[in-house]
Amino acid sequence: MKKNESYEEFLKGIWRDNPVFAQVLGMCPMLAVTNSAVNAIAMGMATMFVLVGSSFLVSTFRNVIPKQVRISCFIIIIATFVTIADYTLLALVPGVHKELGAFIPLIVANCLILGRQEAFASRYPTKLAVMDALGMACGFLVALFSLGAVREILGDGALFGVKLFGDSFEPWVIMILPPGGFLTLGVILLFFNWFKYKKDEFLDDVARAERSGADG
Amino acid sequence: MNNLLTAPAIMTGIGLFFGTVLAVAQRFLRVDEDPRIEATNELLPGTNCGACGQPGCLPFAEKLVAGEVEPGQCTVSTDEAIESIAEFLQVDAGRAEKLVARLRCAGGSRQAHQIAEYRGFEGCRAAAVVSGGGKGCAWGCLGLADCERACTFDAIHMNANGLPQVDTEKCRACPDCVAACPKDLFELVPLNQHLYVQCNIPLAGEAATQLCATACDACGRCAADAAPGLIRMEGNLPVIDLAAGGPPAPEAVYRCPTNAIVWLDREQFQDQETRKARNA
Amino acid sequence: MSPDTSKLNAQPSALRLVLTLAVAGLISGVAIIGIYESTLPTITANKARELREAVFKVLPGVTRMQALVSRDGDLVVVSEPDKDEPVVYGGYDDTGDFVGYAMPGAGPGFQDTIALLYGYKPEEGLVVGMEILESRETPGLGDKIFKDEEFVAEFDALSVRPEIVSVKKGAGTAPNEVDSITGATISSKAVVRIINETHAAWAERLPPAGKEPAIVEPETGGTGAGP
Amino acid sequence: MDNLPWIFVSALLVNNFVLTYFLGLCPFLGVSNSLETSFRLGLATTFVMLVTAICAWILNTYVLVYAPYLRLICFIVVIASTVQFIEMLIKKLSPALFRAMGIFLPLITTNCAILGLAIFATNRGYGFWEGIVYALGAGIGFTLALVLLAGLREESELSDVPALIKGTAMNLIIAGVLSMAFMGFAGLFSST
Amino acid sequence: MKSFRRLRRSFEHGVHPAHYKEQTENLPTQRMPFGEHYVMPLGQHIGVPCVPDVDEGEPVRRGQLIARPGGFVSAALHSPVTGTVTRIGDFRGVDGGFTQAIGIEADPFSTQEVDPEAVPDWQSLSLDAFIEAVQMAGIVGMGGAAFPSHVKLSLPEGVAIRHLLINGAECEPFLTNDHRLMLERPAALLEGAEIMRQKLGAVETVIGIEANKPDAIDTIRRHIPDGHPVRVVPLKVKYPQGAEKMMIRSVFGVEVPAGQLPRDVGVNVNNVGTIVAIADYFLRGMPLIERVVTVAGPGVTYPANLVVPLGTPVRDVMEFCGGLRPGSREIVMGGPMMGRPVASLDVPVLKGCSGLLVFAEAPTTERREYPCIRCGRCLEACPYFLNPSRLARMSRARMYDEMKDYHVQDCVECGCCTFACPSNIPIVQLIRTAKDDLAHRKEPGE
Amino acid sequence: MTDKEPRLLLFHAPLLRQDMTTPRTMRDVIVALLPATAAAVWYFGLGAVLVLAASILGAAVAEWLFAPRASRGASLRDGSGLLTGLLLGLTLPPGLPMWMAFLGGFVSICLGKVIWGGLGHNLFNPALLGRAFLLATFPIAMTTWPVITPGEFGVQAGNLALPFMQAGADGVSGATPLGLFKFEQQVTPLAELAFGKIGGSIGETSGALLLLGGVYLWIRRDLDWRIPVSILATVALFSLVLVLFDAERFPAPLFSIFSGGLLLGAIYMATDPVTSPVTPKGAWIFGIGVGVLVMLIRVFGGLPEGVMYAILLMNAATPLIDRYTQPRVFGHEAESS
């Protein structure tokens, strides 16, 4: 295992295989807790803790766990980490815990985490698995933060609770409401596609649309 | 504290209980199914294109596991994927010769004449139903890109001459373009077959060349110049029969007056600009 | 480096499966109980403090409290109420004199359930304070039920006789009238309704004024609200 | 008990699991490309939710009173195992039903809508029947949202949706508009 | 519900295009002089092409059999002129492609008389012999579809015809050839009808005519010989009243089930031209070698109703009518709603060609196309109750297989939907594209 | 042949077209809305003009910016974008800051139309999508209803707020008939409802003029009459049943029909062909659905008005309705799919 290989595993999670933008995983916490940047970061950190921890364990014991019960074992491992995170947050930062509410326990069900165990940690050596988990978690964190920041800035005129535009700013309430989550993520994905899209393909597409008759 | 005992006890109990239930269920409720089918299916591309001759990827996987077909029959998979399936199933890859789509027409807008002007929905089949679409040669390419749209692998691009140019790198020999073309102009041909007839017109002589500058006028020179038996004239067109004669050599095309038969390097219409160039 | 497929065909024994799960369960149980035990004191303390603060806030002047439940028609002091059992908190001042009840209530609001706590002085028949514990009302509109100080202040001396009514803003004059919030009429009415309903539910069960249970000094000297 | 109708309507429309609680988004976005599949997935989810409500109630009443800290792990393990068991049972007993609905079961078992249901029901202290009604409302609400999205997605297949937007971005925006439209149900049957 | 529908003298939906019949409806049919070259495609009808019965260089007489039927669903060809066979081979056909045809050069000195063959006595012919005689006379449906008429006469076991329905609706705008035929040859029409009725064993002949041709209705009514059970039914003026299933619906109030034929409800439908052709053969020994064609449209100099020998190139017809007006760009064979555009002036007039319409570019093609706004006008126009809007959108998205669920195969391409569409969407073309794809689809692995 | 032979054109039949085009339909709808718009200006003054102008401008700017390259601006010519802007403007309160109206128009076209591929491809009514967006984004500004001032052509206090800034000190705020009914149990007289002396959105002031426009559209065959008829009938019936039950608590049928945005919504927005079912049976179901949802939200819901939500919800159901109400094809037995 060369050094740069594990580095690669790390990087790919942040951009190319970003769990949210590219793989569309873990959407529920992504949308549910991103109405402020702080919540987004807290959630991201909790997820990172669980993901990295369970990837480490799963990868370490990958040859011991029989295939037939692997899912159950993964779930037990993940749930244990989540419970740990849950109680820790509750003890240390009860305010944040209240905001995140049920979504801390729901990390268990985050498809991203189980998905990574299935697809990666259970097949690759520990070091790579941890790097992969770190990368994915960072990617997730980045996604959470960008959504949380946008929603907080527009929805509250503030970032991390600091007012940015003065008192007479009219907040965009929708940003904090559920539809705002969907719409903002949709628009962010649109920009993500825009970057990924090869420019000439786009032009081709336009040309084709124009040729196919109706001007749509 | 008793918590210290209850927690592990409950958890172990639950683990034991459900472990047992599931294990027992495994035994008694088991539906026999070769796990390799699922695994093989996952290794297949999942496009369900039917190029392998099976109705979809899963049936192909079933046949693969049953040993009735060879992994190489999936033309869509990459070589590595074929290899890993073969390795997994411990069978021979049976990789067939690489096939690519070739166009049996070279009459683009510069070579073939139009007798009428088509107006309407852009598409070859759509044009073909309006009295043939206005192209003089009723057998030739209409150039309205149904094949380009049909190709899922982005292997076809219309060139500036109005002909579909196949990128042999990208072509996976799925037969989508073959099915899409209303004039039945595409065929799958081994990539290493260099000798190729790029014309489909059953007319002979001037009747043919009047319609298209690159039409085969059925002069028969290629048949005469090729190795005996390799090319025969059939329905006013040369037919290359590798089984009946051989070996192909470029000499066969030298005397063709219209370039209807060609010696291909790799791509067809290499000398023509692609449409992208026009866009730029 | 390609995925390891060699395990696909292995068929471990059922016993091994069961044991693996059991061992995983065991380890997980140990881990969880570990974290639980080590965070428990902090968490309990946090919760108790929160509750205490809320009670003190809705019952001005109170410094001590205890949980009360209604059993067999009597209000009895408990240190730990049963699950599902409705609870009120008795509030007492420094001298141990009864001040009022802090009553939790909940009900549907504009969007979702609103949970609140209000202080009630049975003698005067007055609500003396109200705090929203939980709500998912719209930020900027419905959340005025706890952000709008004017509205919260309406509950500082509010008669429940015969019941509280909410009226259009600026129209409230009678002691039992609450000005509802413009743009959040529904949420403000919901608050009023929840208090009315809670009050109605407890009206029968509360002892007559002056017969409230006295404070039970806990052995350890802490405040009565157990975990 | 008298608020059973409100619990139902609230879970179904006002606080629709997908559109206002953001639960179960992965299948919502992933498996909604065909109406038929969506409907079956919806049914399967509703079914699993009912199973979940029952499991959660049993655990809450008989196990978790002794060890509240095991709530999460018990829920998930028990629900997952029960569903897996039912899946095998269906596969054995009725292959037709399995093909129609059962193939979705593994996808659903560890989905956050299911776990969310168990956790919310517990947090709100719902009893047995309340739990069942809540599960029913949530499940039907999930099915409703899923089927609407699937119908809209199928329709958009016929449109010239620009390639840039096609896919998840478009689905999210549809979901956003649906969520906006469901805001109209706010306060339904709660005030009067 | 069924009985309620019976009360109405029309089918449901459909459209009301302007008639444009003024141009030619009062012009008596004229005979077109003979030209030089004639092209007789071997497949002028639906079904199996004919087999040539002459060789290149062989002299032929007008009316002489030049090609035999290639099978049962096929009708003979006769030479339209006296002259010489020049070539048998590929000629440009009406569909834009090439087709096998017999090229004939007319003898400029011939009188172009037809030697009447021995006219068979139709009354004494057995049904089978009658059917064969119709086939050998080359008679095919003249209403547009060119389906060999004798095939409609041979009924399977257990099917009985109660009504002979003669289609004089002529619902297509511009066309007046059937109208003129009814005005000018009512006697022949009624005689042919009686032959058909008796041979079919039908109890009644019904002639359906759109109410905008009162003179034709009148004329025919006046000519009905005593004792002939003939009924003339004026029909509501609405396109496509002439489509046989619509007309059956209008006249008898029944719907012909999808996938079945008029005979399955006891009706035999024939165009007036077909019936006149029957009379011409069985009373005068004249096989099908010419037909009435309406030449009209804004782009033609002298509109006319012409008796044109089959195989005459469109160019000759146009020249006879004074040539094309400047700017004329589109020539349609048939009516404006269902006709096929011709790709070249070389293509010949065929048995099924009821009109040659010439249009300028402007009104037809220059209208802008807008996206479908799902206004539903096409649904309200489609006489088959299809959902053209959806079919067109699916075809655009190339979802051809799914279109079968929406009954794409039931579309008769009448064009009502496209006529009604405010967005100018080529719906019929999109539907035909899909049908064409479905018809030619190869299964994977084939 | 006399002249040089022309190169023939191949164009698929039919060659005839009805005298009716999509842009003409859009123009008709705009014309039908003019009387009601004029009445609104009379009642609300220049404020209404500013809001309408801003929302139309927002729609036009978005349409111009995001149209396919080659035909930039071309899609403005069919008038549908302007119609969207106008309809959106008509559903806004007259005192709304102009920047919000502009944003609404912009969002209507961007999220409501362009991203789906433009005219004809959208799944939701763009104008209502824009309104729903504004209502959820600026709930306070969107539910602040100025007192009406017939014949005084002033600007409303809020109209001129700076972009992204609040409307400032509340002006005198009035109430809408529905709000009065729901929260104060006060019934507005029918004559005032029908002729517009009521607070509310710009376009809903005059029920009579809206009906007049509807008749015009019906005569021009521009809308599917089944939809408004079924909506209004359902609402009336629903109301009637409720009133028979308890006349004090529930609104009377005519009040239900003439109050709020029902007429504007039923005649001009539910009938948006793009987002309503194409099949006749589907149109009935759609209309009944809208009617039921409107009453459900108005009577049992938290909000006083639900026309917009009802239409958007039924828009979402339109693909399903269309799919399961395909007409019986000629010659086929009635299908039960």
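As written, the chains take the letters A, B, C, D, E and F, and residue 1 is the first residue of each chain.
Following the convention adopted for this analysis, a contact is a pair of C-beta atoms (placed from the backbone, for glycine too) under 8 Å apart; a residue touches a chain by one contact, two chains touch by 3 or more.
Please read these numbers as outputs of a predicted model, since none were measured by experiment.
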Set of chains adjacent to chain D and to chain F: A, B, C, E
Interface with more contacting C-beta pairs, comparing B-D to B-F: B-D
Most widely separated chain from chain D, with each centre as the mean of CA atoms: E
Chain of greatest Cα-centre distance to chain B: C
Distance from the mean Cα position of chain E to that of chain C, given in whole angstrom: 85
For chain D paired with chain E, centre-to-centre distance based on mean C-alpha positions, whole Å: 60
Rounded Å distance between chain A and chain B, as computed from the means of their C-alpha atoms: 39
Euclidean distance of C-alpha centroids - chain B vs chain C, Å: 68
Shared interface positions of chain B, touching two or more other chains: 3, 7, 10-11, 14-15, 18-19, 22, 26, 115-116, 119-121, 123, 129-134, 149
Junction residues of chain E, two or more chains touched: 96, 340-344, 365, 370-372, 390, 396, 426, 429, 432
Shared-contact residues (touching 2 or more other chains) in chain C: 8, 17, 20-21, 24-25, 28-29, 32-33, 36, 110, 138, 140-141, 186
Footprint of chain F on chain A - complex, ascending: 165, 168-170, 172-175, 177, 179-180, 183, 190, 206, 209-210, 214-216
Partner chain F, residues of chain D touching it in the complex: 35, 147-148, 151-152, 154-156, 159-162, 165, 170, 173-174, 177-178, 180-192
For the chain C and chain F complex, residues of the former touching the latter: 110, 138, 140-141, 168, 182-183, 185-186
List of chain B residues in touch with chain F within their complex: 114-120, 127, 129-134
Touching residues on chain F, where the partner in the complex is chain C: 139-140, 143, 173, 183-184, 302
